[in-house]
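What follows is subunit A paired twice: with subunit B in the first complex and subunit C in the second.
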Partner chain A sequence: MFYFLPREALKNWLSEISKVHEVFVPVSPSGFGPYEGKLYLEKKTKLSAKEFFLPWREVILKFEARPGALPSPVFFEPVKERIIFGVRPCDAKGLTLIEKVFGEDPFFQKRREKTILLGLLCKEPGRECFGWAMGVNPFAGEGLDALFLEQAEGYLVKLLSPKGEKLFKDQEAFEKVGEEAQNSFKKAEKEFLEKHPKAPALEKLKEADLLKLYEADFWEGLALPCLNCGICTFLCPTCYCFDVQDEVVGLEGERVRLPEACMFELYSRHASGHNPRRSPVARFRNRFMHKFKYFLDEYGEPLCVGCGRCNEECPAGINLWEVIRAMSTL
Partner chain B sequence: MLTEKIREIAKKLLEEGKIEAFLCYEGTSHPFRNRAVLVKSPEEVKKLLWPSFGVINLATPLQKLKGQKAGILATGCVSRAIVVLIQEGQLKREDLFVVGVPCPGMLDPSKVRDKAPEIIDVIDDLKDEVLIVTPEDKIKFSREELLRNNCQECRHPVPPLYDLLLDFSGREKSPDPYRRVQEIEDLTLEERWQWFEREVLRRCFRCYACRQACPLCYCPTCFVDDSRPQWVGKTRDLIDTALYHLVRAYHLAGRCVDCGSCEAACPMDIPLRLLTKKLEKEALLAFSFEAGLDPEAPLLFTSFDENDPEDFMLTSELKASGKI
Partner chain C sequence: MIPYPARIERTVVETEDGLLKSFYLRLLDEEASREFSHRPGQFAMLSVLGKGECPIGIASAPSEKLLMFTVFRTGLVTDALHRLPEGTIIGLRGPLGNGYPLEKFKGKNVVLIAGGFAVTTLRATLVYLLEHRADYGEITMIYGARNPGLLLYKPELEAWKKRDDLKLYLTIDREAPGWDGLVGFVPQITEQVAPSGENAVALVCGPPIMIKFTLPVLEKCGFKPEDIYLSLENRMRCGLGLCHHCNVGPFLVCKDGPVITLAELKKLPPEY
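After this line comes the complex of A and B, so read on.
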C-alpha cells in the first residue's frame, strides 16, 4: 500500500508522532538522535542505525560482587516502543544480515520488536556507495517497515510490514494514493536497477577456493597502509562482533556487551595469551574473509551492503573494492 | 615537479641497491586521500607521488618494515618522528635512507570535503593556490585556508634528519604555533571541561584510530587493552573515555612531533591534536625542549638539569605564604 506526505508536512508529522512514541532521526552528519526539530536528510550519516540494536553499552546481567553471590537472571534493559525515521535502505538491509547471526539473540530481538523502522531512499548514490553491486535493491526496503521516496512535492511512502501498516492506519497527514503513484515508484525502481547491476565479483568469490584465498600473497601489500584501527568496523552497518565485560563499582556488578573490532589485537587474544591473529595482516585478512568468503559461503550473501562508509572514512585510504578485486581475480 | 623528483630518487636508490624498498604515498580513487605504499622495484616507482593529502605519518607504517633496509619520504614531522623512534630504540638509523623534503604543508581532507557537494579532483600548486574541480567548475582557494591545522602551526617544515634533501622551497616556520591552544587556555576551568566533554568525550566512540595512526604509540600492549588488571572500562562511559584521552596525550608529552595523524585519522573530526599541542607548549616553555630534532640528544624524560623550573611541583599557596 502507498501513501503520500507533502514535503512541508514532514516536520509536523514527526512532532505529532513524538507525542506518542520515542522518535529518532538523523540529526547531523554524525548520526541519529531524538527528534527535537533538527533533521539531517542530505546524505547518510557517519554512524548508522546499528547502534539502536547493538548499542555501545548493553547491560545483560547484574550481580553482587562478593564471593558466593549468584547473578540475577538475564537482565533486559527497558526499551520503549520507538520509531526510527530516515534509515537508509542499505543500513536496514544490514540489520537483516546481522539478524541471520543474531536471530536467536534475545537482546537484539527485543530491540527489533520494539522498533518501527522508516526508511528513506537516497536521491543519488553517494560517492562511495555500491550497495547494488552487493545485491542490495534499495527499493525493496528489506528490514524496513515503510520506505519513503522523495519526489518533487513530497514523499511517496510504501508500506512494507504489518507494523508499518498499523502505524499509518490512522495518520491524518498522509493521503492514500492510487495506481499512478505506485507506478512512479515501480518506474524509479526499474530505472535504478537497470543502471546499477550486481557485481559479477560475488559469483567469483563464491567459487573461489577458501584456502587459496587465505594463503594468497596479496594480503601483505594490501594491509601495509592499514592502521588496524576500528573505524571501518564501528561505522559498518553489518559488523556485529562484540566483547563482554564485567564492570564492578563497589559491590554492584554489571555484565555489559559492547561493540568490538576484529582489527584489534585484544579481540582475538585467548585467555591463555595465545593469539591466532597476532599479526596486523592476519586481522586485516580476517575482516575481508569474513565479509566476502566465510559469510558468503554460509548465507549466500556477502556481509556488506555497500554503504561505502569504510571507503569514505578510512584514514589510511584503503578501498574495499581493491580488496574485492584482488580476492575475486585470484 | 616534486613527484618527479621523488620518483627519480626512489628509482636510483632501488637500482643502485642502496635500499630494498621505498616507502612513500600513492593516489587512490578518492580525490582527497593518499595512501602509504611500499615499492620494491624500479618499475614500480611510477606509482609514487607527492601527497597533498598524506595525512598519516609514514613513520607509522615504517615500523612494520623492521629489519629491511628501507628508503622513506620524510617531511619535517616524519623525520622528527623517526628521530624520536631512533632515540627510543625502536628504529635503527643504519636501516634507513631518509629522503627529506622541505615541506610545503599538506591539505586537510575535512576542510576540502565541504567546499563542494561533488569533488572530482583537487589540484594543488604547492605554493599559493588550490583548485577544487567539480563536475561543472574549477573553484580557486587560497592554499593557506585549506592547510591542515598542524601545518599552519608547524615549527619545523625542514626535516632535521635526512640522508638526502630534495631541492624544494617549503613553508616558512609558523610565527604563531600556539594560537589555538591559547584560545582554550583563555577559557575558565569550567568552560575548558565543557569543551573537553563536548568536543572530545561525547563524540569519541573508542575506535582508537588516533592511537593506531600515531607513529609514537607503539606499546606492544596499550594500557586500555590490558586485561589483568584492567585499568580502564571499555564502553563509551565518559570517565573511561576521558582517561583514555588524557593518558594518551600524557604518554606523548615531550615526544609528540605534531604530525597531526591522530586528528586526521579521527572519523568524528575531534580536535585531538590540541591536547598534545598543549603539552608540546609546556615542554618548550618550561624546558626549552622540542622533540625529534637530534637522534643523539637525550629525551625530555631521561634528562635532568638543576636549573629546570620546579614551580609545578609546588602549590602557589605555599609560595604566597612565604613558606618556600
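After this line comes the complex of A and C, so read on.
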C-alpha cells in the first residue's frame, strides 16, 4: 500500500502525531531527539537509532547496598508508544541483525514492541556508504514499519508492516496513491540495484576456512594503526556487546547494562590476569572475524550494514574495505 | 534473568591456605528449590549485589539437597563472597551451560582426570556416576594437587579410597612429610596408570599446562578426540549468550559450552 504526503505537510503532521505518541526525529547531524520543530534530513546521523533499543545505560536490578539484600527487578516500559521518524534503511537493517541475537531478551523486546520505525531513503549514498555490498536493499526497508521516498513534490510512503498500516489508516494528511506511484517506486529500486550489486566478497567469506583466516598474516599489518579506542563499536548500528556493572551510591544500588567494546583489553581478561586476547592485534582480529565470519556462518548475513560510520570516524584512518578485501581474497 | 535469592547454609574452608571455600546454598523459594535441576558440568552465576557476579561450576550432584560451589578467592566478587558469613543471602542464576552428556557415556569406562581445584565439577560428575554405578563400566579417577593441603573434599576422598568399584589415584607434585601416596604430576601418573581408550571417555579438567601434557598421554592410550571432554573457562558477564564476552571464535563458553570435546576444540581458534 502506498501513500503520498506533500512536502509542506511533513512538519505539521509530525506535530499532530506528537500529541498522541512520543516522536523522535533526527534533530542534528549528531543524532535523534524528541521532535520540537527542528528536523535534519540531509544525510544520515552520526548516531544510529540503536540507542532506542540498546540504551547507553539500562538498569536491570535495583537493590539496597547491604549484604543479604534481595533485589527488585526493573523492567523499562515506554509509557507511550514511540515513533522514530527518519531512520535510514541501513540502521533499521542493523536492528534486524541485532534482533537475531536479542530476540528473546525482555528489555530489547519491550522496546521493540512499543516502537514504530518510519524510514527515510537516502537521496544518494554517502561518501563511505556501502550497504548494498553487504546485501542491504534499502528499498526493501527491512526492520521498518513504513518507508518514505523523497520525490519532487513530496514523499511517497510504502507501508511495510501491520503496525505501519495501523498508523496510517486514519492520517488525513496522507492520500492513497495508485499503481503509477507504485511503479515509480519499483523503478527507483530497480535502477538502484542495477548500479549497486552485492559484493562477491560475502560468498568468498562464507566458503573461507575459519582457522586459515584466523592464522593469516595480514592481520598484523591491518591492525597496526588501531588504537583500540572503540569508536567503531560505539557508532556501529550492529555492534551489541554490553557490560554489566553494579553501581552503588550510598545505600542505593543498581545493576546496569552498559555499552562495551571487544576492542578493550579488559573485555576478555580473567580475574587471574590471564587474557586470551592480550594483544591489540588479537582483539582487532576478533571483531572482524565475528562480523564477517562467525556471524556470517551462523546466520547467513554479515554483522555489518555498510553504513561506513567506522570508516568516517576512525581516528587511525582504518578502512573496513581493506579488511574485507584481505579476508576474502585469502 | 533475575538472580534467585539463596542462603549460604554452610561454608567449609577446603584448603590449608584458605583460598578455596565451599559454599552450601539453599534457594529461598521452595518451589524454585524443588524445580532446580542441573547436570554435572553446568555452572551458575553467583551474585553479590553491589559487587557483581561470577560464574562458578556446580560441585554438587543433582541429587544432593544443597547446591555446593567451591570458590577460589581471586577477584572482586570472589573476595566479597569469601568474606560473607553463614546465613547471608546471595543471588544465583542458573543452571547455565551444557554439562557433560552423561547418557553418551553409558556402558563405557569413564576416566576422570583433575588437576588442582578444577576438580569441582568432576566431583559432581563422580557422585552422579557412583549413584548410577550399574550404567557405567570401569570408573577411574586421577586427581593431583600441588601438596596434600591443597586437596579438596578430603573427607570424601577418604571414603572413595575405600570403595572397590572405583579406582582412585591421588597424587601430589613433590614429596611431602606425612604423605605416603603417589608422587608426580598428573600427566605422569596418567601415563603410569595408562587407562585404555577402548570403549572409554576421558573427562579432563585442570590448568592449561596440565591439559597440554595429559592430552598426548591419552592419545597414546588410544582415546579418540571425540571421546575426550574438556571444560573451558572465560570472562563472562551475562551467561546467556548475549553480551559476547566469553567467545572463543564462534563458540560461546556460556551457551555452547563450557563442556567441549577435543575434536570440536581443534576446530576453534586457539584463544583460550
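Note that in this section the second predicted complex is superposed on the first by the 323 of 330 C-alpha atoms of A that agree within 3 Å, B and C clash if a C-alpha of one lies under 4 Å from a C-alpha of the other, contacts with A are read in each partner's own complex, and residues count from 1 in each chain.
In this section, a residue touches a chain if its C-beta (ideal position, glycine included) is under 8 Å from a C-beta of that chain, and two chains touch if they have at least 3 such contacts.
Not measured: the values here are computed from a predicted model.
Undergrad: Given the superposition on subunit A, are subunit B and subunit C in a clash or a fit?
TA: Partners fit side by side after overlay.
Undergrad: Looking at the overlay, what does A:Arg127 touch: subunit B (first), subunit C (second), both, or neither?
TA: A:Arg127: touches subunit B, not subunit C.
Undergrad: Kindly classify A:Val20 by the partners it touches after superposition: subunit B alone (first), subunit C alone (second), both, or neither?
TA: Neither: A:Val20 stays clear of subunit B and subunit C.
Undergrad: Should A:Leu210 be classified as contacting the first partner (subunit B), the second (subunit C), both, or neither?
TA: In the superposition, A:Leu210 contacts subunit C only.
Undergrad: With subunit A as the corner point, what is the angle to subunit B and subunit C based on their C-alpha centres after superposing, as a multiple of 10 degrees?
TA: It works out to roughly 90 degrees.
Undergrad: Between subunit B (first) and subunit C (second), which, if any, makes contact with A:Asn319: first, second, both or neither?
TA: The first partner, subunit B, only.
Undergrad: Quick check for you: in the superposed arrangement, does A:Cys262 touch first (subunit B), second (subunit C), both or neither?
TA: A:Cys262: touches subunit C, not subunit B.
Undergrad: Would you sort A:Asp243 into first (subunit B), second (subunit C), both or neither based on which partner it touches?
TA: After superposing on A, A:Asp243 lies in contact with both subunit B and subunit C.
Undergrad: Check whether A:Leu251 is in contact with subunit B, with subunit C, with both or with neither, and answer first, second, both or neither.
TA: A:Leu251 contacts neither subunit B nor subunit C.
Undergrad: In whole Å, what is the nearest CA distance you get between subunit B and subunit C after the fit?
TA: 6
Undergrad: Is there a shared patch on subunit A that both subunit B and subunit C touch, and which residues make it up?
TA: 243, 245
Undergrad: Spell out the part of subunit C that touches subunit A in their complex, as residue ranges.
TA: 2-3, 5, 48-54, 74-76, 78, 84, 88-91, 233-235, 237-238, 241-245, 247-250, 267, 269, 271-272
Undergrad: Would you pull the subunit B residues touching subunit A in the complex into a rising list?
TA: For this pair, the touching residues of subunit B are 28-30, 33-38, 55-56, 60-61, 64, 118, 203, 205-209, 211-213, 221, 225, 227, 230, 233-237, 261, 264-268.
Undergrad: Could you list, by residue number, the parts of subunit A that touch subunit C in their complex?
TA: Those residues of subunit A that touch subunit C are 61, 63, 65, 67-71, 73, 101-102, 105, 210-211, 214, 240-246, 248, 253, 255, 260, 262, 267-272, 276-277, 282, 286, 289-290, 293-294, 297-298.
Undergrad: Taking the complex as given, what residues does subunit A use to touch subunit B?
TA: For this pair, the touching residues of subunit A are 30, 46-47, 56-57, 127-128, 221, 224-225, 227-231, 233-235, 243, 245, 247, 256, 258, 261, 264-266, 280, 311-319, 321.
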